[in-house]
Amino acid sequence: MSSSFGSAFRIATWGESHGPAVGVVIDGCPPRIPIAVSEIQAELDRRRPGQSPITTQRREADAVEILSGVHDGLTLGTPIGLMVRNEDNRGGDYEEMRTKFRPSHADYTYQAKFGIRAWQGGGRASARETVGRVAAGVLARKALSSVVGRPIEIVAYVKQVRGLVADVDPSTVSRSDIEANIVRCPDGPRAVEMIAEIDAARKAGDSLGGIVEAVARGVPAGWGEPVFDKLDADLAKAMLSLPAAKGFEIGSGFGGVTLTGTEHNDPFYNGGGRIRTRTNRSGGIQGGISNGEDIVIRVAFKPTATVLHEQDTVDVDGRDTTIKARGRHDPCVLPRAVPIVEAMMALVLADHCLRHRGQCGNGPA
Amino acid sequence: MSSSFGSAFRIATWGESHGPAVGVVIDGCPPRIPIAVSEIQAELDRRRPGQSPITTQRREADAVEILSGVHDGLTLGTPIGLMVRNEDNRGGDYEEMRTKFRPSHADYTYQAKFGIRAWQGGGRASARETVGRVAAGVLARKALSSVVGRPIEIVAYVKQVRGLVADVDPSTVSRSDIEANIVRCPDGPRAVEMIAEIDAARKAGDSLGGIVEAVARGVPAGWGEPVFDKLDADLAKAMLSLPAAKGFEIGSGFGGVTLTGTEHNDPFYNGGGRIRTRTNRSGGIQGGISNGEDIVIRVAFKPTATVLHEQDTVDVDGRDTTIKARGRHDPCVLPRAVPIVEAMMALVLADHCLRHRGQCGNGPA
Amino acid sequence: MSSSFGSAFRIATWGESHGPAVGVVIDGCPPRIPIAVSEIQAELDRRRPGQSPITTQRREADAVEILSGVHDGLTLGTPIGLMVRNEDNRGGDYEEMRTKFRPSHADYTYQAKFGIRAWQGGGRASARETVGRVAAGVLARKALSSVVGRPIEIVAYVKQVRGLVADVDPSTVSRSDIEANIVRCPDGPRAVEMIAEIDAARKAGDSLGGIVEAVARGVPAGWGEPVFDKLDADLAKAMLSLPAAKGFEIGSGFGGVTLTGTEHNDPFYNGGGRIRTRTNRSGGIQGGISNGEDIVIRVAFKPTATVLHEQDTVDVDGRDTTIKARGRHDPCVLPRAVPIVEAMMALVLADHCLRHRGQCGNGPA
Amino acid sequence: MSSSFGSAFRIATWGESHGPAVGVVIDGCPPRIPIAVSEIQAELDRRRPGQSPITTQRREADAVEILSGVHDGLTLGTPIGLMVRNEDNRGGDYEEMRTKFRPSHADYTYQAKFGIRAWQGGGRASARETVGRVAAGVLARKALSSVVGRPIEIVAYVKQVRGLVADVDPSTVSRSDIEANIVRCPDGPRAVEMIAEIDAARKAGDSLGGIVEAVARGVPAGWGEPVFDKLDADLAKAMLSLPAAKGFEIGSGFGGVTLTGTEHNDPFYNGGGRIRTRTNRSGGIQGGISNGEDIVIRVAFKPTATVLHEQDTVDVDGRDTTIKARGRHDPCVLPRAVPIVEAMMALVLADHCLRHRGQCGNGPA
């Protein structure tokens, strides 16, 4: 269904931007995993609006409540309900949106599909929906480590803002590297440039896009599925389901098409008793199944659709008109996209971890 | 499950490269759609190996048999079973594969996952599995046109081979343009160069990658879903589920990240009574739902992993060794990927067409 | 997944008996359906504990909150989140349950499965979980009527308590007949006897079982699916998913096995231009698909497992011991099961209504 | 989807009664399970028409072919395709069915749903579809034993034909007891009576119904799910999905409604270090999850709809007419239903076995 994701480890999010609350139900989580509300809150704080001068100034405490599925600090194995109340839902800012479609937003398509829409702030199409994903991602991470018996490290970071490309080694980058600056780019000097460029866009009432890169380290060989539910196919779906995402690639990605097969292939070798590849153009997945190397992906995000300039559009009756957004806007979603990308990666991996254990046990590997 | 795809219009493929047969079961197809075995065969012939000097020389008639779900030339609404017998399954060519893992193939990952593998020719990971997808795609196309009441045009083509980029207008390109040459690139002069480059790679025992672009024209506004099952998310999954796919983008894609929001947004206007956008950087989908414009996507395919050179690898016991493929190989999968990409696009659209009708009826649009 | 039900019209419930709240997420509901919180509340009040002397005296206002998916009194087509806070969660009453397994409850099996359980009041296995089903059932009913364009009447009632069998005509029985007494049995004299018998059981600290019969009138011919997702198979699953349910039958059911085919078959005839059957031993479904006649089912409920007598059992360490429940108990779940059975029937029908429309449009019928 | 069943261990059947073939695709089967075509064939022979004087005389060799998913006698973990060609498809016998609806068959409802039907012999609604279920059931059984590490015994038998009720102890009955006579009733004297009664019905051109009872022994505590996917709910769906099934019960079932809670509850005790229940009115499942006791269910089958007498009906244009079946018919489906019920039970258990392992590992039990 539209608002569910995953098969064995499955989530269902709900909530509109300006309704009473947003939330998520997590089903299939392994039992007896320790979880504290503060762990979830910490990740939501990374996603929260208003956390720095370069993100939207919407004020949301985003205080999460655990409604079910946890008992004495341990997961029960039954559905985990999590909820965050919406607070700063100033519908008034959006009055013009009642009658006009904002360009490159989902206003028109929701209206075309449903004949109705929650017109304040994008409703269900708002990035506010990702609160539930990030909250669920915390459980997914903990489930992964619990089942595997060691941490699966999932780290995302801003790889590119507009034309500014960072130099990052995915095999070593750490969470603290990412959190060292407000743009969440572990290349310090480049981060300074990015922040300046985003700030300039903010002042100009414009917005910028970019690329988030993410790596999962420590994934055992053997996760994923042949054919349709390939691990990379599910990652692609997860990432393209994010607001403003326009592209996905794994390993060599689009850049790899200019290589020949001889150049592109990853030779195997015996690395201390474990089968390894010398290069990682495969991005850690071959034939849809993890090979034990780092899983490295990239997601392209378009510049935010909300800009503070007058734009041509039509109203709900199809008449040509113009629209001009006012007030707060998010000049660049990239820094806040980082925890969301991590969450989606964790959700895909947790799902395939449980699926693999279901079919194959702990497997021969 | 691993081998099923879609929700309302759903397929399940089965079969290994060198087993008795490959096939597909299509469930949820609308009833009373005319279908002839020759229509399915025609598409399989586009996918077939050995169709031109620049594809693999494996000899397969790929004659399809309709096993169920069709009665007097009309679909029954019940599962449609389609089967193609494998013929040219020369296991002997692959004897070395029994004990060694081919670099950048799925040999090792299947072994790691399952502790067993059909080692001849890639087994389930072979592109031969796509026979079922292409066959099902024919039904999907017909279902789409039947439900919508007009043709939904789905056209894919080779946009790039290695560094050679074609100049193609997705809004007008036709099937006959694509079929005008064996590389399936509608830019004639560029096609000549591509063929030469592929042929050179073939002679060198090497392989090339590239990009397939695809367009769907005539999709009504309103198909797709909020949040997870976004139309573009499902397209991304569909495409990344293809053998050798490493990247997906829609509309402006990765290139769009260097634009500002003001430059990137697609202004709406009233185009003869219909809501249109002046530009199409959205690629026909906004907020996961079609907006009535052309849906334009691109898929990156790595160079084929089979090359006729000695490569470093390990054997099934993890010992370092070398492997050298012999005999036939496919120097460039792009021309044969064209009908497969079209099929996957048709399958995603047919699924969302029925899902939309289920929830919203024919909708307000 | 465990806590999701349905395919096109899908719900996911969450919540433990003594956690903060219980609730449901409804996904796939058609848009623009009018819904008031009072309509949902009215059904929850039918299910509510403490509503009459013959049900459990747990005090719950069961006030429902709409968290998402509704805008200006109309469904949006996006997930509808509904929540009811738990109030009368006196964990203290259940202290003995922390260390002992109550016979014929789910205490032991949850512990065996998960290695942990919310031991107060049954946790997830409590009938309190059905709050979400009943709330969702209201939407399902409204969706059905909206799509079909006329009311689909779904009426359940107590057919039997212990050995007392009511005489009811499913083709004419009305909601007001059912609500005429607290046992929800439309056979007035028999209802008096049932109430007396339940009251005697209550005083004796014992409990009674019985049968709920339900009918759906006005379902068009053509809903349901061949083979696995037969309409009656989905009804069977829906009903056996209810706490305390031990059996399901449709039409002639278990009683029909003593007839011969000649006696059992339902002859067709033309009834005023519509194809009808003279008898309805099929119970309105043939080959898994509705035939336009009344759909008539029966569900057997065992006597409630909570009795106020000392019983043999084991503790969590497997040692033989005894347990004696104290305080409030529900001597007969049947009266409160009536709205729950109706809700599940509505959910199954709404799901198949949308599935049918998705695959077949409005169909030829 | 209509023709798929299961979640982790999943099957999709396809095929019409008088089409080219029927078959099944099994997805999610654990790898490296030994399977021989002869093992599948043996079960199909138990289901085969024409196996005794009291079943239909349709002549089908029902020779199964393994099309995929098995390599050197071991499952690969990828989809297992199985096919049986239809041979004795004498369409001519059914000419009258082209224009008339047979009472209590699915002719009319399929026509109402799809606007088309494979009118020969019931098409998709024919019991011939169960070939795929029985074939898949063999894999399910082997998967169960492989994962659990000991045999899970699944035994079904004819418990009742018309008014003749057999006396059988489900805790000890064996496959050889069942196969000792052609009616598959392990109560020898009663079997003789049943055979006589079925033979009389056959001569009279009439048909009989009855009850199949089934037991699963050795299922560990902890399989199943809370709430919707309860183990008994999935069994109920599985059984009601069978042709001619009209009812399902588990443990005490409908008979249990006349007991009080005190009489009905199953006391726990420590049985040699394992938690056991003294009685088994729960039927081996509590709160939707297995408790380690025998799982005992019963399925009611109506008398076969095909009788050799003239019956009132309507034609496809809705005109009143009569119909009279000719030739072969199955006077009682019960003996052939036995292997089918076993197969469905095995499929449900295998699915929940893998689901449990996925979420909980091998669990604390």
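The chains carry the letters A, B, C and D, assigned in the order they are written, with residues numbered from 1 in each.
Operating definition for what follows: a residue touches a chain if its C-beta (ideal position, glycine included) is under 8 Å from a C-beta of that chain, and two chains touch if they have at least 3 such contacts.
Remember, it's a predicted structure, so these values are computed and weren't measured experimentally.
Relative to chain A, the chain whose mean Cα position lies farthest away is D. In the contact between chain A and chain D, the residue numbers used by both copies make up over half of all numbers at that interface.
Here the CA centre of chain C is 26 Å from the CA centre of chain D.
A separation of 45 Å divides the Cα centre of chain A from that of chain D. If you average the Cα atoms of chain B and of chain D, the two centres end up 38 Å apart.
Of all residues in chain A, those that touch two or more other chains are 1-4, 13, 28, 31, 77-78, 113-115, 124, 226-227, 360. Residues 1-4, 10, 12-16, 19-23, 25, 27-28, 31-32, 65-69, 71, 74, 76-81, 83, 113-118, 123-124 of chain A are the ones touching chain C in the complex. Contacts from chain C toward chain B in the complex involve residues 7-8, 28-31, 77-78, 147, 226-227, 354-355, 357-361.
The residues of chain C lying in touch with chain D in their complex are 1-5, 7, 13, 101, 103-106, 108-115, 124-125, 129, 160, 162-163, 201, 206-211, 221-230, 232-241, 243, 245-254, 256-270, 273-275, 277-278, 281-283, 285-292, 300-307, 309, 311-314, 318-320, 356, 360, 363-365.
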